[in-house]
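Next up: the structures, one after another.
Consider the two complexes below, in which chain A is the common component and chain B and chain C are the respective partners.
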Partner chain A sequence: MNHRDSNETPAGGRLSVARVKAHRFGQRALVATGAIALLGSCATNAPQDTWQPKGPNAKMIDDLQQPVFAVAGIIGIIVSVAIAYVIWRYKDRGQPIPEQTHGKPALEITLTVIPALILAVVGVFTFRVIFDLARTDDTQLVINVTGQQWWWEYDYPVQNEWGITQPIISSGQLVMPAGTKVLLRETSRDVIHSYWIPALNGKRDAVPGRIHTLRLEADEPGIYAGQCTEFCGLSHANMRMEAVALSKEDFASWIANQQAAYQTPAEGTLAKEGEAVFLNQCVRCHQVDGLKRPDGTLAIAAPDENVWSGAAPNLTKLMTRNTFAGAMFDLLRDACRDDVWKADSAEFGAKYLAGVDEACLNVNDLRAWLRNAPEVKPMYANPALLTETNGKYRGMPNLGLSESDIDKLVAYLLTLK
Partner chain B sequence: MAIIERPAPGTTVPALTPAAPAITPSRTYGALRRPVATTGWKSWLFTVDHKKLGLMYGATALFFFIVGGLEAVLIRLQLAAPDGKVLNADLYNQMFTMHATTMVFLFVMPMAAGFANYFVPLQIGARDVAFPRINAFGFWCLLAGGIVVNLAWFLGGAADGGWFMYAPNSGPVFSPSKGVDFWTLGLQIAGIASLTGAINLIVTVLNMRAPGMTLMKMPVFTWMITVVQFLLLFAVPVITVALFLLTFQRSFGAQFFDVAAGADPLLWQHLFWIFGHPEVYILILPSFGIISEVLPVFSRKPLFGYPFVVFSGAAIGFVGWGVWAHHMFASGLGPVSVAVFSLATMAIAVPTGVKIINWTLTMWGGKLVFTTAMKFAIGLVVLFTIGGLSGVTHSVAPSDTQQTDTYYIVAHFHYVLFGGAIFGIFSGFYYWWPKMFGKMLNERLGSWNFWLMVIGMNMTFGPMHILGLQGQPRRMYVWTEARAGEGFFNLGFWNLIASIGSLILTVGIGLFLINIVVTARSKVRAPLDPWNARSLEWMTSNPPKEHNFDSIPHVHHLDEFFHRKYEEDPTTHTMREVASAEDVLAELERNADKHIHMPSPSYWPLVLACGMPFVALGIIYSIPVAIAGGLIMLYALYGWALEPATAPESDFDAPSSNGHAVGASHG
Partner chain C sequence: MAGAVGIVAGGIAGQGAGLRSDLAEAAAEGHFLHRECGEEKSKYFDKKAMKTISLRTNPVAIVELRDGVLSAIMTGFNEPQKIVSVPRGNPVTFIFRNFDDAERRMVASLGTAMAAGGEASTEKEGHSDSNETCTQLIPRGAEQALTVTYAKPSIAQEDPLTLTVPGVSGQAIEVVVP
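Here is the complex of A and B:
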């Protein structure tokens, strides 16, 4: 019998053991690297790093998950070492076939109870954090967030203590005061989206017909990147967001500016011609608060007549934002963008509030967008394929603007500050 | 098949004389004569033999594995660099939807069904399953469903809503192509295979075990398959309902998921995941069963803690029903639900951990033989442990809200499903190939196959842990340099590594396909008991005769075959051989049953299943086509209902001159 068994061992058997061990060493190294990275709270990597909390909610999650990752890593190492040892110790060296033991119940029960106890401890802490993260009674500022294919709308309801005396509607960047318990009230106008700023909190789905809440709080002023994380169709990948935290003073001036009256461009300027183009083309969907038609009536956008989901980004004060088209594109050139993103928290507010001027405008992407939006961002905007939506668009169509119209529009948009 | 006459004990079998008499099968009520072919394509098309059907399930699944794999490679090519140009957004969305759909419904499930079909009757000492025609019907439904789902590629684009197909994104407005219609109807048809297969195997296992085989002497593979069939029995109806709702929403103007009409889109999520989470265990438990056979064989020891492994499998099956909402921690369920499902998810880690411990202790103190099957089994234990531990990190619900819908989850379930389910399936390939085909897969190629898959798999899915924790979400057709970061953990480097890994993985799997060809062309026959195996399926020839066993063995032990070969030495307690496999088999042959009834082949399962794609296409394009499909099905049901399971005696060969017809008489 032994004879047969040793014949069965392929020539590669011993080699494979070495390889198994080498491989396992590699895995241990990977786990160890991960653990070191975790414990050392490694240097800045990707802007959406989930292990670098920048506010108390994300910190609460991180404090909970760090020990879990560590324990999981240790258990992984123990199991791997045990298997490597078994492979080395008990490989077929011609030993007789062992006694046919069927198990040791006491050992089994011990090894079942230990993981159960570990998980029970984890469970208690998990339980507490779940309920802490669900609190809404300590909210200081409410912002309504609405998802739509493929951008987010931010709507600041009237809150006099923050100087918000009329609703502010914005998009692209969520502007909020630092060190403040902000409560997002999320919903959606079409499919399910998910709001996620990893540095500030975990994600929460925005579901049509429902309102879900999400706590956000940033310790320091700065920009925090996020991304829609519930698959929402064609341009899911291009549905980004940025949360901008400002000091309370800077936030107050931001609020004041957002509510400031509309200023029409001076007569005879290119921007004034752009306003006419805007009134002719864009205002069908895009609202600019305070914009008036030549006859003196307020121009009210009617996106619900053209867009299936019923809204289009409100462009009032567009140039106070850094992004457009669902935060897919920057309004700032790379150098100017880096200047804002990498500013330290003391200087950040001033740089952000300066907004976008002609020198810093990312004119290439903006012009490409105005020239043919669906070409640079996949959307349902082919008029021939809109039978299911009764001819309504999902996203911005190609408006067929001439280059001179685009010149005028860019000049006009630059005045929206 | 059909009636097999065996010689009485003691007589020798004379060689078959050529030229069997022409057979005219009787006409059945459905107006078709029964099929009679025993060779050629007809013998496969109309077969009801569980082994042939098992192989057909396997071949179909392997084909879809290649399809799903190519879809995966395209996905990785697209994501290898920022702003990928290989696929556009629409095609990418179709690709990841169909990759998951194909791998889950058309590869892992049918492959497990194939193994179950082939080996469960053999492992319990039965000659076929309880309902052979329903078994055939199940296979044809699976094939029809797979074809319908994939037909969409050629008819305007495949489904693009993700395999989870969340409402309302799956509705007619948000997914205007016909892809989702093909998807719902195709899966509906494939679901019939799962449901009929579940009932069939449960009845088989509960009623057709060999004498002496109590439930607690049943091989663990059969046990795990049984648990899976119960999961299918209760889970498939849920997805069936969900798919019907979606079909009616898309094709007949119903408003189940229409928010404007007052629907709550979370209804779909609950329906989908009440099916979808048990589905995860449906995918993994068969592989747990396979390696629970392989590890003891190549450790030369029984499975450590057999009752613990069985009951932990059953416990996973039960608790698996109480964890579905852990897929929805971010969907706004409220803290109470989240807390409950979070704790339940932690609880399910315990029986899973028990299995890992038992497999390790099975090897402990053994005599380990590192065949390719064993390597894949050990690979499963290690890789599944990694996947299981990352699973524990997102059972912690707050932590999961950071991880869900990122590549960390993709890493997790690929460690569980690729490192777990697929490694188990490959272990099964290498272990059972000689049983199924009478030839052994090349071990040298097998070793390369294994190591390239291990390296490729870790290179592909390992970096996804980093990508996910660095905040790269799933299901994005492009990722951007602007969000990639710098330093060691930048997304660019690790995306590239993952893509290179997927190519290595492709080569590894390619070697397996080459191995199949090499083996098929080799003339070397496998020995009777190549692995020194332990369970009943090895107590017959390679491949088994169509009636499986000459005489049904009486079972006294778990690992009956092993205990017929070995006895314990009273002093050393080690085992010594007392009989060879050939001796054991000769013993069965001596006691061969005289008169073996096997089920007869039938046209009806195939005809019935053929009606279904017509119904599906009719619902999508034109109702009269659906009615025609319905008429085909009605006709098949009529013929089937009035056809006896076994053809009448007059259909069979006349007994040969010495009074014994040996082997199949017809069909």
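Here is the complex of A and C:
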């Protein structure tokens, strides 16, 4: 007797087998769903967990969503149990059909009024939070944030009260003082992106031609991870960001270093040769403030001539950041990265400000990126496919650098701090 | 039903009426290409549109001329600013509001460093030869938007990038392009 035979009934064996299969599938789906929910709630290393607010803006959202989730959860359980009970209690057992009735006005009005009241209460608190999160009049520091495929640019406008006497431009990591009301002025250079650091606030779209604002404030120094949350093309999933909160003293040090003059590498060093490679290859798109050509003129990058979005990451002080390539890769080796990420508040600033040195450099990923960037991060950088963008890249192309040039470039990039 | 018939009839009648004569003449003059910072080359410009700017909710800055002082109002800054920082290679919109008794226009200098093809701004195409662009003359209480793309950074320019108002001396907003 085969398996099918064992489940056959006089009424029709195939239907019976189908029921058994459906039953088993249902059981497995139930177990899998339960396991996912259980295991998902067990994650301890979840830097983008929306249930772990680390600043007053995110706490406002959390204070709203916790009770709403609780009320919705209780109602959901009551409804689910009621449905299950009714299905079980009144299933067809051959009993006669009960007397049919139509309409119970008192019950219907009650079941309309109760949800309306619940939604009204939720609405009042939601509106209050929305307006609080939209405030801009108490801003202490403004940072311009511009999204493009697939990285974020941060520029710090002149703000003398913070010692910012000339614009600072960076990417990958947003550096800000802890305990400070920071206002991001967001826009986009190409398509719609969305900025989201879950621990610090909700998300806000970055839309071309518009300036949208987003408040951020971190209670404690540390690194807070985020992710572009508006699908924006091939490498949307790799468009990450990190907000780095420093104490006010450490932030002042960071500002001072970012504005420090460019230091050209010493003559005769590998880094000096790397500077020449950079001038020949990279400066077509990447700006390093203060870098001069051999004739003494400032090297001005021209991403507007080569990149569809009109911009490429400014690499001035690159090694003061911990990430590159749109924060997809770490500049620090795992051990060094963990040392920074897991540092307590008191030690965090010093460890972050130490930047990246040769011992801690994640040289493998950096070399792979320089060797053939589109191979490690999906981008529209194939010259054969550039007809729709007037020959301009969307992402970094493969520059065909030799291993020798890569050695020199790595040595040079290490000096940018 | 009657409403639907009315809407359709209105649309058909409107088609027969055609474009407003002043707009038709402005279109023939290439009105929307005219951003010269001298005499108006167009006989008409649409004064009715000046108070219905759809861009007013999200400019990078609102530049006001009030009591002979030019200042930029920017979200997030509690005080009027004299320096405006804008992203490079990205269209940005300024709104100019004139509170002066005379008709005024705002002029944006685009710098000497040009983008590929010799264009300092995508908005510059088809405009005058001078390296600047501007709003039209607007009367007191009016406002106009000006969208500009700065392709090159400020450090590439010989002179600072500015927003100025001809006839108002000693007043300028510096535009910083990082």
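Just so it is clear, the second predicted complex is superposed on the first by the 367 of 417 C-alpha atoms of A that agree within 3 Å, B and C clash if a C-alpha of one lies under 4 Å from a C-alpha of the other, contacts with A are read in each partner's own complex, and residues count from 1 in each chain.
In this text, a residue touches a chain if its C-beta (ideal position, glycine included) is under 8 Å from a C-beta of that chain, and two chains touch if they have at least 3 such contacts.
Source: prediction; values computed, not measured.
In the superposed model, A:298 makes contact with chain C only, not with chain B.
In the superposed model, A:121 makes contact with neither chain B nor chain C. With both structures placed on the common chain, the touch criterion links A:212 to chain B and to chain C. In the superposition on chain A, A:260 contacts neither chain B nor chain C. With both complexes placed on chain A, chain A has more residues touched by B than by the other of chain B and chain C. Contact with chain C, but none with chain B, is seen for A:136 once the two complexes are overlaid on the shared chain.
When the shared chain is aligned, chain B comes close enough to touch A:99, but chain C does not. When the shared chain is aligned, chain C comes close enough to touch A:146, but chain B does not. Residue overlap on chain A between its contacts with chain B in one complex and with chain C in the other: 208-210, 212. Note for the complex: chain C touches chain A at residues 55, 57-60, 74-78, 83-93, 113, 115-116, 147, 149, 151-153, 155-156, 176, 178. Across the complex, chain C is touched by residues 136-137, 139, 142, 144, 146, 153, 155, 157-158, 167-169, 183, 185, 187, 189, 208-213, 287, 289, 298, 300, 302-305, 309-311, 314 of chain A.
Touching chain A in their complex are the following residues of chain B: 88-90, 93, 160-162, 166, 168-169, 172-176, 259, 262-266, 299-302, 304-308, 330-332, 334-335, 338-339, 342-343, 346-347, 349-350, 353-354, 356-358, 360-361, 363-371, 375, 378, 381-382, 385-386, 389-390, 392-393, 396-406, 443-444, 447, 451, 454-455, 458, 462, 465, 468-479, 482-491, 531-532, 559, 562, 566, 568, 572-577.
Within the complex formed with chain B, the chain A residues making contact are 1, 4-5, 8-10, 12-13, 16-17, 19-20, 23-24, 26-27, 30, 34, 37, 42-51, 58, 60-61, 64-65, 68-69, 72-73, 75-76, 79-80, 82-83, 86-87, 90-92, 95-105, 107-108, 111-112, 115-116, 119, 122-123, 126-127, 129-131, 133-134, 149, 186, 190-192, 194, 196, 198, 201-205, 207-210, 212, 225, 227-238, 240, 308, 330, 378, 380, 385, 387-389, 394.
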